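Alright, structures below, take your time with them.
Across the two complexes that follow, subunit A remains constant while its partner is subunit B and subsequently subunit C.
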Partner chain A sequence: MTLHPLLEPGWVQAILPELILSAGGMLLILVDAFLPRIKGILAPLALLLFIAAAWAEALISRGGIYFGGTYEMSPITALFDLTFLLAGMLAVLFAREYLERENMEGGEFYALLLWGTVGMMMMAKGLDLLLIVLGLEILSICIFVLVGYNRRAPVSNEASLKYFLMGAFATGFILYGTALFYGATQSTNIGVMTRWFSGAQSTPLLTVAFVLLMSGFGFKLALAPFHPWAPDVYQGAPTPVAGWLSVAPKAATLIALVRLFNAMGPMLPKVSWMSMVAALSTLSMIVGNAVAIVQRDLKRMLAYSGIAHVGYMTIAMLTVRDDSVAAITVYTIVYALMNIGAFGVVSLLTKNENDPHTLDDIAGLGFRRKFYGFALAICMFSLSGLPPTAGFIAKFYIFKTAIESGHTTVALVGILTSITSVYYYLRVVYYLYMKEPAEGSTPAMFGGIFATGALTIAIIGILGIGIFPAQLFQAAGNAARILLRQ
Partner chain B sequence: MPILSTILWLPLAAAVLLAFFPRTAESAIKGFGLLASAAAFVVSLGLLRGWDDAQAGFQFVEHKGWIPQWGISYGLGVDGISLWLVLLTTFLTPLIFLSAWNALHKHPKEYVISFLVMETAMIGAFLATDLVLFYVFFELMLLPMYLVIGVWGGANRIYAAIKFFLFTIAGSLLMLLGIIYLGFQNYHQSLTGTPTFNIVDLYHTQLTPQAQMLLFFAFSLAFAIKVPLFPLHTWLPDAHVEAPTGGSIILAGVMLKMGTYGFLRFVLPFFPESSSRWSTLMLTLSVIGIIYGALVAWVQPDMKKLVAYSSVSHLGFCVLGIFAMNETAISGSILQMVNHGLSTGALFLLVGVVYERRHTRLLADYGGIARTMPVYAVLFVIAVLSSVGLPGLNGFIGEFLILSGTFQASPVAATLAATGVILAAIYLLWLVQKVFFGPITNEENRNIPDIAWNEIAALVPIVVFMVWIGVHPNTFLRKMEPSVKHLVATVRGERNDKVMFANADATASANRNTTATAEVGR
Partner chain C sequence: MIPTHYFLVLSAILFTIGVLGVLTRKNGITIFMSIELMVNAVNLTFLAYARQFHQTHGLIFVFFIMAIAAAEAAVGLAIFISLFHHRDTIDVDEANLMHW
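Moving on, here comes the complex of A and B:
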């Protein structure tokens, strides 16, 4: 085994986005602490930092493996990092006016979003299970605080505590699984593990390790049956946080899992692990879509719909090949746009955060607040996978890879549950355009230029990717091929 | 800009522009919608001028890459099967705006935008020569129709809108799975190693009998729901009764034809063996639909519901003709699709006229209004006679061709279906009798104003075509003949190589043209 120098040349460029975000987060806190009079620049500053990180990601960072074979920069990590940055930006845009309205804006809120993004980037780029866990923990700590950020609202505290307790368990599972893998393979490095797996035989120890890891990651993904935290946490969390939480950590977990599954590749035909994953995926699609039907609270409905969507994405994980990785990549980007967009519109409802945000609150919105109504309708069409939105093209990609890999039954479950999902997504549209608001109540919405900007980005993204997907597919396909060639 | 793209995108472009109109400028909005859809109709007439009567394959072909990685392209083309359906779509849309001129009070802007988006979607579905592109348009038309029924519909509109949507989406999502599988199989077998979703290329896909059967049912289910074929028709009466007049006209006039068009364009040529094998099932369901639809129509107390069930019956004829699988029946079937669009479109429009004035559609509330509304009565009777199939009007030609063609394939089916013609005469003339003749029993009917200028203006063009098709059907049949011949040959496995080459040549020359245009553009 060759020894790598610990700091390869060019490492600063490689982790420049992470450096920008980490330092920027501290800057935000300092500004808030020492210059409280210019509080108004916090959100624009956070946005600027995200944009700077995206710029560094896209233009400065160079591909390669750094830090002794533990940290990889490649096109796929760049695509995922950009997804995290996009999610972060949308969250900041929606949070700005929301926090102002709830009178709780603070530098640490944005700082936590920035640092959480750093954690996700580590998960995406880590070539070592320990580094992935470390990234996951950085992310989780930020989430604990962000979910409980509305500290005057009991629901927010409850959600935070719930996520903390269950998240701690999940991390425990992941660490224990990692330890067992280390016991079997003598390394936590994915590269070393890949070599080891290529000649390995299945042992009960490995199966236990896999089950533990899947339970932990399944929790982070809100994959059924590890999902029950999701509706409660999303409902209690400040709505812009819920939108971000429903997308970004899942994307980070998915890319980490792709790496892991890819490393196990040669081993998988010998074991029935993937049928476990298939069962999780099927269960998620069924539970998510079935339970979403009876939800009247929008945030809970979106939580269950999110469970179903992770089920769809997991279909593509069943066989890791370049097309399926590309499908997951495309799906996460699209999902970020449509789900954060949907949560974003919900976050504009002026309501006591302790009360549920029900369908009745958006009755008649479509003709009263036209832009917000239209944006929510587009997000719903996209979530239900109707053309010409990006949701259709992303789902098409998932089902296409599933059929090409021979997972027709799971794809069929996906199709059948999609039909059910149309019902509850369209119900939102029904409330938007066909239902008159209850006597005496008008849908109250509060939003300014930031929220409008975020929704514009979401709409343009959803329709743009839906109508002209070729370039994104090209990029995702190439990135996936490079990832899997190693 | 090439002609097909112009026809396709003109309504959508108009819809986008309309979004910026101030909502108070109602006349401007309606006028602009009318103008744009009329412009699309005028442009679409250009198809007839450049039409090559001898060509069986797609004409005016356009081809651009869309998602090259998957072989999905932006491919447009029109042949004898789709030509009249495209023209029917562009013809009916302006008439809707015209007829709704004074009846539209609630959110006129969104109404006009919805119909323009729908027009683009429907034209796109008829023009697409790429299976995925077809699917995109096929689903796209659901959204505006859902809104049209749900926002502007009657009392029970929500139920009807959701039922309509869920029924259709359930079928089409299963078809999506079939589309992906078909494309994958084709890619698997292709010698060139490039994926494609081009319809003509997919015709050559080899399928195992079992796969072909499953795909046949996946596709057929989607289209049978859309037609709707008995016993999948239950969404239709609800949707029609609750939809506003314009929605009903488009739904019956064009959208149902997506189903029959889908059978012709995809099911027969993709799965010829399964189609022949299961043709008895399809013929049986069609015959049941024809008779059942007619009997149920007979007992309807509501005019709109009556016309809706008559659609079930008439569309049964179209499917019957398709699965008789010979030239006569298929030509008749295509012609009958147009006929049904005209006659049922006119009937829904006419029912809308009295509903607007009296706010009831019950037969029992009318009687003897021929005296108060003479012009209206004349137009109504013409539409009814066209629907019944009176010789000299369009319905006769279509039904005659279908029945005589079906008789060659299955005398029993043809004989049973013929009773549907008799039943149609009974329930439709019954309707005329109840509404127009006899004494005026309801005092409120004494002062109904007769049909207005805009409604007459919308109906007269329809009547003109009813007579034209009835008197000189050859104008229409001639243009579809080569394509129908080619289709029947494909289904029977007697591929005519000459036609195939002609097709290839046409595509190649179209590609050359595109390249040339691109170079000029540069």
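Moving on, here comes the complex of A and C:
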């Protein structure tokens, strides 16, 4: 027996982005260790590596299934990979000046972002539960360290501890669910499982496996009632990390779940599993939006709003169709732009990291620092779903597909809670432009070319997708059709 | 040959003990030990099924889970040490700087 048949021709191209990011992470650490004098090039180097990976992803990789049917390259994985890369790039841009200000820049910070992205790519492309779990763990371990990166700040430590214990606990559930699926279907390969599900009857074992898996992934997605870690972790984590963490891992988990739900497709009408998912989604939208209203800490407010947004995205998963998958894809891209942008502006506030960043800190910001205020306002308009921003079109599409697939009640809850959410998003805009700052209490803003560049990308993206959404939706729709045809 | 479901019942019991440990214990290390117990219960499940199906697939999965658990332990203990520096305790109830 040889390993030869496992390596189909073209396998290097298939994993080229992952190879670039993995090797690049090591390079960054080595540069930091041996050439500390040129520390300034770490962030540009990390950016360059992200761009190289995006180039490999978009232009070099060819579609197909590699590594003995366990690794798939297709348009939908390319779209999600580019989303992860975009999120990573925005995080690096915001982190550069943040880390400089906090005096803790190091190669390992960027390396962990790169490796986390590799984990997410494995989750998106993996056609085997083993690869999905492995990708999830690579990602989680990077996040544990990134959240606690500010070792001198007690809040950062505490956030790291909470995420570590919760994350490891959730991993236990995901693994047990995987084991029981293996027991029921005799395989962990998604392709084999798809064939098995098309002729099988539901058993209690399968239901238990699904519940375990869903609660584990629910933790990772911060779906209510598995959400309580999210606000604490986002508050304690370094702010650029919090922005990245609130977007990218959720996108990776969603695409893995879409794949799994697609494999289970023939069985789903016979069982009530999807009503559990609908309940999670409804609860997330209600809890997230209701608690966000009373938050005065910006990072915690964004955390609760993130719980609500995952609720919206989960609506589209209730029926896996090509337009619902397209809606999720577009939503994750838009969410990456607007949420990392919002966290990015918060990260520019020069404050002791142990203190909360409250609404009072941004009072009058729209006049003091016009560009940052404008960027935060655009992100808030987009998060609340007001036209002509991309947030509106993404949300509209989610609710439209939900109603077309017959999930009217959940969609109605989504629309109503989304209207409520306008209150707390626009409260931020109110503080930005209509509130006088209290004397001498507002923190300075520390930002330079990197943060400004990242915010420019976010604003152009939000307005561009909001005004010309057709092309992106078409690309996402085509990609989704290819995914579901298999 | 011992029937497969004996192993499955044992691993379900171990997993439940692990979950209860996580929910009731206060010490960070003890919680982490309970999580390890959950993971090992999963390993037992995989091994039992792999033996029943005469496959190597489940066995390979176990190796990966062991690697994952080891990596998690390394990072986790570092986090506990860093927390201990600030607080002189790793009691998770003491980790309460943030609340809603």
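In this section, the second predicted complex is superposed on the first by the 480 of 486 C-alpha atoms of A that agree within 3 Å, B and C clash if a C-alpha of one lies under 4 Å from a C-alpha of the other, contacts with A are read in each partner's own complex, and residues count from 1 in each chain.
Keep this in mind: a residue touches a chain if its C-beta (ideal position, glycine included) is under 8 Å from a C-beta of that chain, and two chains touch if they have at least 3 such contacts.
Being a predicted model, the structure only gives us computed values, none of them experimental.
Participant: Could you say whether A:P388 touches subunit B, subunit C, both of them, or neither, answering first, second, both or neither?
Facilitator: Touch status of A:P388: first partner only.
Participant: Now for A:R151: first (subunit B), second (subunit C), both, or neither, which partner does it touch?
Facilitator: second
Participant: Considering only the touch criterion stated at the top, classify A:A179 as touching first (subunit B), second (subunit C), both, or neither.
Facilitator: The second partner, subunit C, only.
Participant: Pick one for A:I419: touches subunit B only (first), subunit C only (second), both, or neither.
Facilitator: It touches subunit B, and subunit C stays clear.
Participant: Is subunit A touched at more residues by subunit B or by subunit C?
Facilitator: C
Participant: Figure out whether A:A58 sits in contact with subunit B (first) or subunit C (second), or with both, or with neither.
Facilitator: A:A58 contacts neither subunit B nor subunit C.
Participant: Should A:L484 be classified as contacting the first partner (subunit B), the second (subunit C), both, or neither?
Facilitator: neither
Participant: Could you say whether A:L283 touches subunit B, subunit C, both of them, or neither, answering first, second, both or neither?
Facilitator: neither
Participant: Hey, what residues of subunit A end up touching subunit B and subunit C alike?
Facilitator: On subunit A, no residue contacts both subunit B in one structure and subunit C in the other.
Participant: Residues of subunit B touching subunit A in their complex?
Facilitator: 65-70, 107, 110, 132, 135-137, 139-140, 142-143, 146-147, 150-151, 157-158, 161-162, 165-166, 169-170, 173-174, 176-177, 180-181, 184
Participant: Could you please specify the touching residues of subunit C with respect to subunit A in the complex?
Facilitator: Spelled out, the residues of subunit C in touch with subunit A are 8, 15, 18-19, 22, 28, 31-32, 35, 38-39, 41-42, 45-46, 49, 53, 55, 57-58, 60-61, 64-65, 68, 71-72, 75-76, 79-80, 82-83, 86-87, 92, 95, 97-100.
Participant: Across the complex, what residues on subunit A touch subunit C?
Facilitator: 130, 133-134, 137, 140-141, 144-145, 148, 151, 154-155, 157-162, 164-165, 168-169, 171-172, 175-176, 178-180, 182-183, 186-188, 231-232, 235-236, 291, 295, 300, 354
Participant: Help me check something: in the complex, which residues belonging to subunit A touch subunit B?
Facilitator: 367, 381, 386-388, 392-393, 396, 399-400, 403-404, 408, 411-412, 415, 418-419, 422-423, 426-427, 429-430, 433-434, 469-470, 473-474, 477
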